[in-house]
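Each chain gets a letter, A, B, C, D, E and F, in the order it is written, and its residues are counted from 1.
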């Protein structure tokens, strides 16, 4: 986070096969599979309902009101990447719109996660270019100050290293460290297998109290039933 | 609100016929019919557009980051109930997802109102299980601390007693005390009858200034027209 | 802003032809065409996706929890107008609903921008009456205190003079001063012409770095590429 | 909460001796003694550092921007009372200033807790009249709408019944139900007795890990020490 | 507000005698004397307790993260001025610190009101240079983009014209239009004269209910006393 | 950030001499010396005015409403350390009070920075134990879930590695990476030397416009002076 004016060209992206497996899971499942960590703040919301994203992070560090580095980032994109844009201070300006989306898509990028504002929402929705942002704002930005590309950043409260896997859906955004991608996919698959079974039981009327054997622990904790 | 570790099994639900009548009215109308009280804070939003809910409250008091009591509440649900979950501190964690929704629905519950976060929004939308929450967050919770079920709670600024009628739509959430259900339905019906007539007049170009006889009071208050 | 209890009847609306031309542009484009000014705060959001609005401002100054002046404003509306409602303090009450919308529409108004709350969202959506507001809230208001109509107001951080052009879409709300309407339309048209060309280039894979000749300035600023 | 236009004259105040005992404890201690409930939201802050308050609640239900009921409440005050003002919607207007403080003090009131704004902070500080509020705002209010006095209210997320004990300090505001006053004072005293001993041990360098016997449970939970 | 890149050198400052009279009144009194308008949002807070300010506005329009125009403003300052800094978007960066304060003071400025962040709070407090800001933040800014000096701005929700009188204290910030300065001072003096008398009555135990003759109107509005 | 249930015992603390040198500078200066990075969000505020802190980080990762790991952290403290507590979700509960402060001080800790709430503010102030927190809240916490000690954390938007230097004052909190401590101290000293000279010039009436040679760049950027 402390390197300004740097563009790292060669980054170690997460294993493609593992990334593809992670795309099958929702954000809530993945975050549980990692032990309830790795989430960005819930103020990060998709610009349209039903958006889904899974790819490898190319990171950008911006200054408030300045999107110069987004153009620098474009050149570093490879197919399957997701741009993750952090900012040195809280700022809701519209750093990103349909022109940059056109450029990012031409480079193979799958979407954007930005701890700032986004604009041209109607066009981006028509393009089905998914964006998670802190705000929607028409406010334009300038191109005057150096930030960095592909350094470690903090985006919406989560640490993101270049090459990490970013998964985003209606529930939010989760960061899976590149080195843990396969392991998290395994844990998520195991978790989902169990969930299908649980769902069927609950649908049939079995109570979580019984399915999870909670009655004993609740009694021990002192829970009292009264009439 | 001050009883922890308590589950009340027998609660007095609002009269079913009155509940059914209340289902015909919007939240704005009901809140006016009660004298402009009973609303939860406007930060409570439905997880999908067009959601509507009317049922009797089963209340839950949670601690931040802990959804243990949700499972205890499931057992107390009867067809037509709505779970109202309050929390002892502000917290946006995702206390509720599709597994609990499956369980609640199997018990006959119509939806959830939670002063906290909700997750699995895509699945809940597919299920058409309506939820009003303070936030959408993938953040999971633990099961470690006793709260209560069916005690009086404060949820998003509104007092809710077990058995009260909860009505929610795109405008927010209103609480109708069980004992007032029929009376509020009457007042709402009277109000709506008047509104249809007013709407027709206004649509024909009659001004509210004339329809409500406001010109005199405005002049008396000192309103001046200038060119 | 400092005149209370005043209704100005004759206001100078922006030239109709210029207003019609401004309707062709998005909020982001117009705000850039004015030099990145004139935007309301991004907390102003449309009550339904895809809403669009362009018209001349009839302004209203309200007090918290009091919508009396909305009825006074209705009489001042002409076809093509947009009501812009400011408030003397932050307040999320539902000052506006379907009855007022019916009245405003009967007078020819195209929509509402309000630095406060809005209700009857379902009905307003069905009517396709577009509203941008700070909040959605069922909370009703009273009719007790004089504000003003057609005085200069500050709405969501932006100055609005009666007759100014208000354009709103999914990206937010922009105010174009009446005297600048034609000039801003010209600047927006010029900007859009350039954008089409840029979009095509970027879609073909040309980088913004090259299209905007940024490589030299970035190097001069000290940007370093590392491996 | 659902009674508007009501003033209850005879309320059951908490036992004076118990109130006096509660005055010896801080808000954090009392809230723990009740089982970690009864707190108002942390956005309630004292207008000056070091303020402390303990008294019996006279409740007021206000509408946004309207402080009429504060004058009605003044008449119901008895020595040792604290005014607790709730509002039917979120509002930061300055409902209270030095004139009302003068009147309340003349009636024997000890201070104010208000889910709204406060003004004349300099004068109130000079008077040493303690107030906890959501905001400081010079914005004045009107006197036009009926609320209630001495009905149950929800203030900053906490239920308050007339006669309950209100304790407030730099850490926030806690509500002790009148019927529980003596019992909570006992529990708080027991808690404080233990704290003095713990404080001495910790000051001498004993670790909480040992004093609370946490090492076993931590190991059992899976905590790993690495170098 | 719509002129960027402009510095107006000759502005019409409010009459000095009237400004001096306004310095005798608090913000709450002045805002009431103007009819409850002219206040900035309550999020504007002094950086130290007890700060007070009264002077004529030199306005600055900034962009997020850029304080270049503050230096341009310094040259336009005359003894008795107050700098009022607005920003084209919400931003909490520390636009202002002890160096600029030293420069402003050398030019005769009395203080600063900024819809942004401030830093070097310890030094500014030691200098007793009063600042009202939205935030305290150490975050530095750049000098890259033109704003304006001495154009009309919107600062924290209030319109400010160059030369207007700015009064600020612990209760917030109020803007008195230059042309109304004497008249507002008169109204404030009249109001204060009445307040002294009222304060004495209230202190002696007279109720506002009686002093303001509220009992009749309350009864007419339907207030009911119960036991 | 992704290791739960881990306590790292041996961490590499920043060089003591460099830490001592950093203690001489304010947060604003240090953050500029690092290139305008490394700051925590401005919502982190000291619990009392004039607090100052400089030490080496022992990090803690907490879960909402659970302070168990604070006790684990206590054992890892060495004289000169600062506890930096992050949380897996936003939470304002009072994780820290005077008992933990007593324990931390007994171990030689200089203070606490916590992305959560703090309580016992009066006692902590009396102890002069400095704390920077997101909130002040009496709300107590439980001891049920494993987090970690001395792993890399994100605290209030800033990355903190165990052993990094934490400096905090009235302007906020800055993180100086351990490896950069000496270099940042050098840069800060150079910066301060320049500032003293600048301050003297500005105090004598020299304008920043001239001292920084801004007139040319401003003219080139198009700034226009009008009368």
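Just so we're on the same page, contacts are C-beta pairs under 8 Å (C-beta built on N, C-alpha and C of every residue); 3 or more make two chains touch, one makes a residue touch a chain.
As the structure is a computational prediction, the values presented were derived from the model and not from experiment.
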item: Both-way neighbours, i.e. chains that touch chain D and touch chain A; value: B, C, E, F
item: Pair exhibiting more inter-chain C-beta contacts, B-C or B-D; value: B-C
item: Repeat of the D-F interface, chosen from A-C, B-F or C-E (over half of contact pairs identical by residue number); value: A-C
item: Fraction-based call for chain F against chain B, same above half, different below; value: same
item: Mean-CA-position distance for chain E and chain D (Å); value: 31
item: Centroid distance [mean C-alpha coordinates] between chain F and chain A, Å; value: 27
item: Rounded Å distance between chain A and chain E, as computed from the means of their C-alpha atoms; value: 42
item: Of all residues in chain A, the ones touching two or more other chains; value: 36, 39, 63, 88-90, 92, 137, 139, 145
item: Chain pairs in mutual contact under the definition given at the outset; value: A-B, A-C, A-E, A-F, B-C, B-D, B-F, C-D, C-E, D-E, D-F, E-F
item: Interfacial residue positions of chain A with respect to chain C in the complex; value: 5-10, 48, 68, 70-72, 74-75, 92, 94, 97-100, 102-103, 105-107, 117, 119-122, 135-140, 143, 145-146
item: Residue ranges of chain C touching chain E (in the complex, touch as defined); value: 1-2, 4, 34-39, 41, 63, 88-90, 152, 154, 157-159, 177, 180
item: Contacting residues of chain E [partner chain D, same complex]; value: 26-28, 31-32, 36, 39, 42, 45, 49-50, 169-172, 174, 195, 198-199, 202-205, 207-209, 212, 214, 218, 221-227
item: Chain F partner contacts - residues on chain B that touch it in the complex; value: 63-66, 88-93, 137, 139, 142, 144-145
